[in-house]
Structure formats: C-alpha cells, structure tokens
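You will see subunit A twice below: alongside subunit B first, and alongside subunit C after that.
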Partner chain A sequence: MSKVPLSRTGDIVWSRTSKTNSELFTLTYGVLVAQLLRDFEGVEEVNRELRRMGRNIGVRLIDEYLSKVSLASPSTPPCTAFRQTGDSIAKVAFKMFLGITCDITHTTDKKFVLTLTENPLSTFVEVPPSREGLSYAEILNGVIEGALGAVSLRVKSKFMKQIERGDDVTEIVVEMIERIKDGVGEGYKDE
Partner chain B sequence: MIYSFYVYRRDGVCLFKTTYHSVDGDVEGDPEAEDEREKLVFGMAFSLKELIGQLSPMDGSTGQQIDCPLGTVKTKSSTMHTYETLTGFRFIVYTDPSINTMQHHLQAIYRIWVDKVVKSPLVKQKGGGYDISDTEFERQAKEYFEKVPGFQR
Partner chain C sequence: MLHTSGTTQKHPLDRPIGKGKGEVSLSAFCLLYSELVQYHQSRVESIADLEMNLNNSGVDVGIRILELYSHRENGKSPKREIRVLGILQFLATTMWKSLFGKNADSLEKSVEGENEYMIHEKDPITNTFVSVPRDMGAVNVAAYIAGIIRGVLEGANFPCEVTAHFVEEKTVFLVKFKKEVMQREAAFEQAGR
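Then we have the complex of A and B:
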C-alpha cells in the first residue's frame, strides 16, 4: 500500500491553510500573556489560565485537524497506537497550525518527547527573573491535552525545557494516562 | 430522496436535526414524538456499533478488536447513512434506498460543520457541546444536500 508520508501530509495541509503574519501572531500572544499577568495574582494562576485556554482551543483544533487531514490524505487510517499519534502531532499538527515541525523521541509506548528548535509563540521573549515560574507557552500543553482528550486519550503534557527560559530547545513531554471509555449520556440511562 | 439529517455528539445529545422531506406518518410538529425519534436514531446507531464491535474479528498483531465504524444500514424502505468522527460527532442521514453511499458527502458536511460551528466564535458552548442557534450551518448543509444527486425525487 502506498502511504503518503506524514511530513508530506503536513506540507499539503500547510500549503492550503490561510496564514497570518508570524510577528503579529507572536505579539498578539505576548499581549495576551501580559494581560493575564496583570489580571491574575501569581504566575501559577497565569499558567493555569493559559492551560485552560489551550484546552478549549485544543478541543476545537482537533476537528479542524481531522477534517483537513482526511481531505489531504484520504488513505491515511486513524492512528491505532500512541506512537503514531505522537508522530502525527510532530509532523502534521505542528506544521499545519504553527508552520514548524518538531523532532520526536519515543521514550516508551505511552510517552514521547517533542523537541522544538524554535517556538513561534516565544520569539523575542525572555522571561524576566521577577516572573520566574511563568510557563510562557503553557497554552501549548493545554492544546495538546484538549485535542487528545477529544479523541478519548487522556494525556499529561508538560515542558521539560523552554527556550524563553534560556534552554537551547523547547521540550514537551506528553504522557498517556488512559483511554477514555465511550458511553452514552444521561438521557439514555434506564431506557 | 433525502429524508432527514441529524448531528449528535459523543454522549448522544442531538445537536442538530432537520427534515428535508417528510415521510408518511411523519411526526413533525409533535415535539414529543420528534424527541423520541431523535433518541431512537442515536440508540440504533450506538447499539449497532457496539454489537458489530463485539462480532468483528481481532487484529492478530495488536490483539485488539479492529475498529469498524458503522457505515450504512439498508432496508427495503429506507437507508441510514452514518459517519462518525474520531471526536465523537455522529452525522446521520436518512434517505430512500436508491442512494447507495453518502460517506463522502457526510465528510464534506463535517468540513462545513468544522468551519461554521466548531471554529465559529458565535456558536456557544453548551455543556461540552455546541448550541446550534447558528443558521449558517443549517443553510450551507441544506445547500450542499440539495446538490447531492437524488436529493429530490
């Protein structure tokens, strides 16, 4: 069976996506974080709020991802293993939404590490010592958790390294916790 | 001929329904009967999928049941076409039996759904689902279905 390589799928979808200026994007995100820092008491709360926003974005992005990928490469079957899920995120999802691809290392069957040599969210950004503890691009973790949550995978996503804190790369560790069981809602019980 | 069209979310809550052509003995206008039908449609799709899942063969390499989404259920008088996304949305359309496949049409409808509902900031979230008071999806879906060969007969 001839299969379209994932990176090729990523390129196809990326070429069809309407784009925005990357500096505008970076600065808009910067304004958002700056506003949250003013609105909330501590950095921990800001981190939590960013993650929550990310989740809400993720549950919507996954639908866009699925509908666009099925159009770009109809022969690609759904992921059956968590490894494939990781590869799809690294090569297709990051490409189509952020324009970058990242390297992936599978540490176990249920855990992988995404390595980003650049992070479009945090270009020009340095976290000052007074804001130590701020996870500037925390929204990414929320997006990953939200998106995978919508396809029945409960995962934990967190940063190991962050460029804006002085590391050479950004590393995101994603670990699968469990598969959420399908079931019907309240209206169908006792019927 | 396309009779009716439903969208459900994962837990069976009906997010959208519409009737394009009513059939004999149609319950339209009777909200209670309509609610009942809406539940029956989902119940059938859900139970059939469960059942088929249990009967389907195991994948030798993974030891897991091969995932087999429900496609079409055909009877002499009508056909039910379903398309389920990985995110748990079910798109179900009832047609007369002369229409063989609607899968790619339902995928196109999914793309409209993504554009007009999922990505629309105007559509409010309602308990983890979407509140379709947005008529743009309704309009575009109708427009799309009307172009499907066999919509009207």
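Then we have the complex of A and C:
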C-alpha cells in the first residue's frame, strides 16, 4: 500500500473543500468575542465560554474530518499512536479547516506542541492591556479537545504563546490525559 | 503597550493589510457562525430579538469591512461614495464579491417607497447549512448579513434600517434609508452632481 504523505492529504482535502473569505471569518469571530466580553463579568468566564463553544464545534468537526480524509486518501490508516494524531492535526486538520499548516514538535509520546506562524482567528487583533487575561483564540483549544474527545482521547490543550499578545508565533500545547474507555454511557445503561 | 520589539510579528497596524484573498473552509465559518446564533438564541425571548441581536453583531463587522475596503480598493486616492446608488453598487458588487465570492443576484429599487432598495441573494452564506425549525417560523439568520450591510451604509454616513426576509425561498435584504439621506440625495440632484 503506497503511503501518501500527510501534507499531501491535507492539500487534496483543501482543494476539494468549499471555501469562504477569511476576513469574514476573522471579523465574525471578533464580533463573538466582543459580545462575550460585554455580556460576562471577567475574562476568565469569557475564556471558559469560548472553550465550551470550541468543544461544541470540535465534536461536529471530527465527523467531517474523518469522512473527508478517508475519501481523499483511503490508504491512510487510522491513527494508532498519539504521535500520529498530532501529525494529522498539524498537517491535515488545520489545512482543511483554516487553510494553514503548522509545525509540530513532539516533546513526549503523550505531548506535542503546534506552532502557528499565522492565525486566521486573530488577523487584525491585539489584546489590549485592560484585557490581560483574555485568551483570545481560546476557541481553538476547545475545538481540539472536543474533536479528540469524540474519538476517545481526553486531552488538555492550552496556549504557550499567542501572536495577538505580542509573541512571534502562536504555540498550542496538547497533552494526552487518558484514553476514554469504550463502553455504554451512563445515560444508556437502563435500556 | 506596543509589543513590537525583538519579534518578527509586527503590531497589527504595521502589518500590510493584505489583498483579502485569504480563505478558510466554508464549514469552519458555518460552525463558528452557528455558535454565534446559538449564543444569541440562548439569551433572547423572541425571534424578533434574535434577529435584532444578529443584526447588531453584523453592524460591527460592516463598519470594519468598509474601513478595510476603502483602504484597499482605492489605493492612494481613496474615494468616498456620497450618492445612494454609488454606495449600493459598492455593496452589491465589490463587497459582495470579496466576502461571498460572487456579486449579489440583483439590486433593485422598491416600487413601494422612494427610500427603499432591495438586494436579492439566492443563497446567503449564513444560511448554507441552516434549516429553520417549525416553531421558529420565519427567522432568517441572514439578519447578520443585513447587519453587515447596515454597518457599511452607516459607516459611510447613510443612516438606514436593513432587514432580511425570505421571499420565495430567496433572501431579500430590504434597505430603508432615513429621511435625511433622501433629503441630501435631493439636494445633490438639484445641484446637478
């Protein structure tokens, strides 16, 4: 079975995807964050809400990811190690949804760092000092956690660096906590 | 606090504004937009309020779009649209094309009111994966685009109201200019500009 490099898979899926203007996306996200900042008391609550929204998106987005990738590259085997999961996120997932690729560094078998030189969520953004604790693109962490949670991987995703706070790159650290055991969920046990 | 020193990333104001050709996947936008709609929906009592909130969100986008495009489209000699038709054409062609990848399906003057114009759009991007539940009746989530239109128009000093309606499966954006806009328009007409 010939092995297609992941970045190639990412390009194929991207070329087949319907796309839209990234500025509309950027500004829409900005409106959302601004709305939350008006509605909630502190930045911590805003971060939490953004992360919650991200999880919602993640659990839906993983379906599209799995189906499109299996169509674009049927020979790609499912990820069996967390390292492969990381590579797939960096080379395929970021490409197919946001049109960018990112670099990945595996620090251990259960932890990797994604490095983004640009972030479509925060193109025009600078976080003002008065909103010091705001993790502007926090929704991304939620998406990663939500998506991996849907394939039985409980992970913790957080920012180390953020461009919109003056860093030269955005760095996301993703760490695996545990593999969620298969089995019947609590809610279904009686049926 | 300007964080410029020693990093390769410049302050947003020092970066080039780009050509606006960047793209993300349609589903990424729709998933994000869906969260915006759900958020507003969880905080309102009525459909009218939901549409109003989406509309207000859109305004914030419209104002920025106008600013961005004015810088970009006109290069070194920025032009300011002062006539109703000029700004509407800008909306239905330049802006529509950049944001949604196509021109608006049509731009018409309403027969009902002197101050009313309609922009027709068959498939607004916000409605791509949306099916409206029965109990929510005629809600049109393109209210957000109506807001963007209003933001652009008000940013260019054409105070107005913009609403989104379903008309035979299509979406129609109804623009109603305020009285002062029509008075100014009449003054231009007289002055022969």
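Just so it is clear, the second predicted complex is superposed on the first by the 183 of 191 C-alpha atoms of A that agree within 3 Å, B and C clash if a C-alpha of one lies under 4 Å from a C-alpha of the other, contacts with A are read in each partner's own complex, and residues count from 1 in each chain.
Basically, contacts are C-beta pairs under 8 Å (C-beta built on N, C-alpha and C of every residue); 3 or more make two chains touch, one makes a residue touch a chain.
Since the model is a prediction, treat every value here as computed from it, not as a measurement.
Between subunit B and subunit C, C contacts the larger number of subunit A residues. When the two structures are aligned on the shared chain, A:177 is found in touch with neither subunit B nor subunit C.
By the touch criterion stated above, A:27 is placed in contact with subunit C alone, subunit B being left untouched. Looking at the shared chain after the overlay, A:62 reaches subunit B, while subunit C stays out of its contact range. Of the two partner chains placed by the overlay, only subunit B lies in contact with A:80; subunit C stays clear of it. When both complexes are aligned on chain A by C-alpha atoms, subunit A residues 60, 64 touch subunit B in the first and subunit C in the second. By the touch criterion stated above, subunit A contacts subunit C in their complex at residues 14, 17-25, 27-32, 34-36, 39, 53, 56-57, 60-61, 64, 96-99, 120, 123-126, 129, 139, 163, 165-169.
Residues 1, 3-4, 7-9, 11-12, 20, 22-29, 31-33, 35-36, 38-39, 43, 57-58, 60-61, 64-65, 68, 98-101, 125 of subunit C are the ones touching subunit A in the complex.
Interface residues of subunit B facing subunit A in the complex, by the touch rule stated above, are 10-13, 39, 42-43, 46, 62, 64, 67, 85-89, 107, 110-111, 113-114, 118-119.
Of all the residues in subunit A, the ones that touch subunit B in their complex are 59-60, 62-64, 66-67, 70-71, 78, 80-81, 150-152, 182-188, 191.
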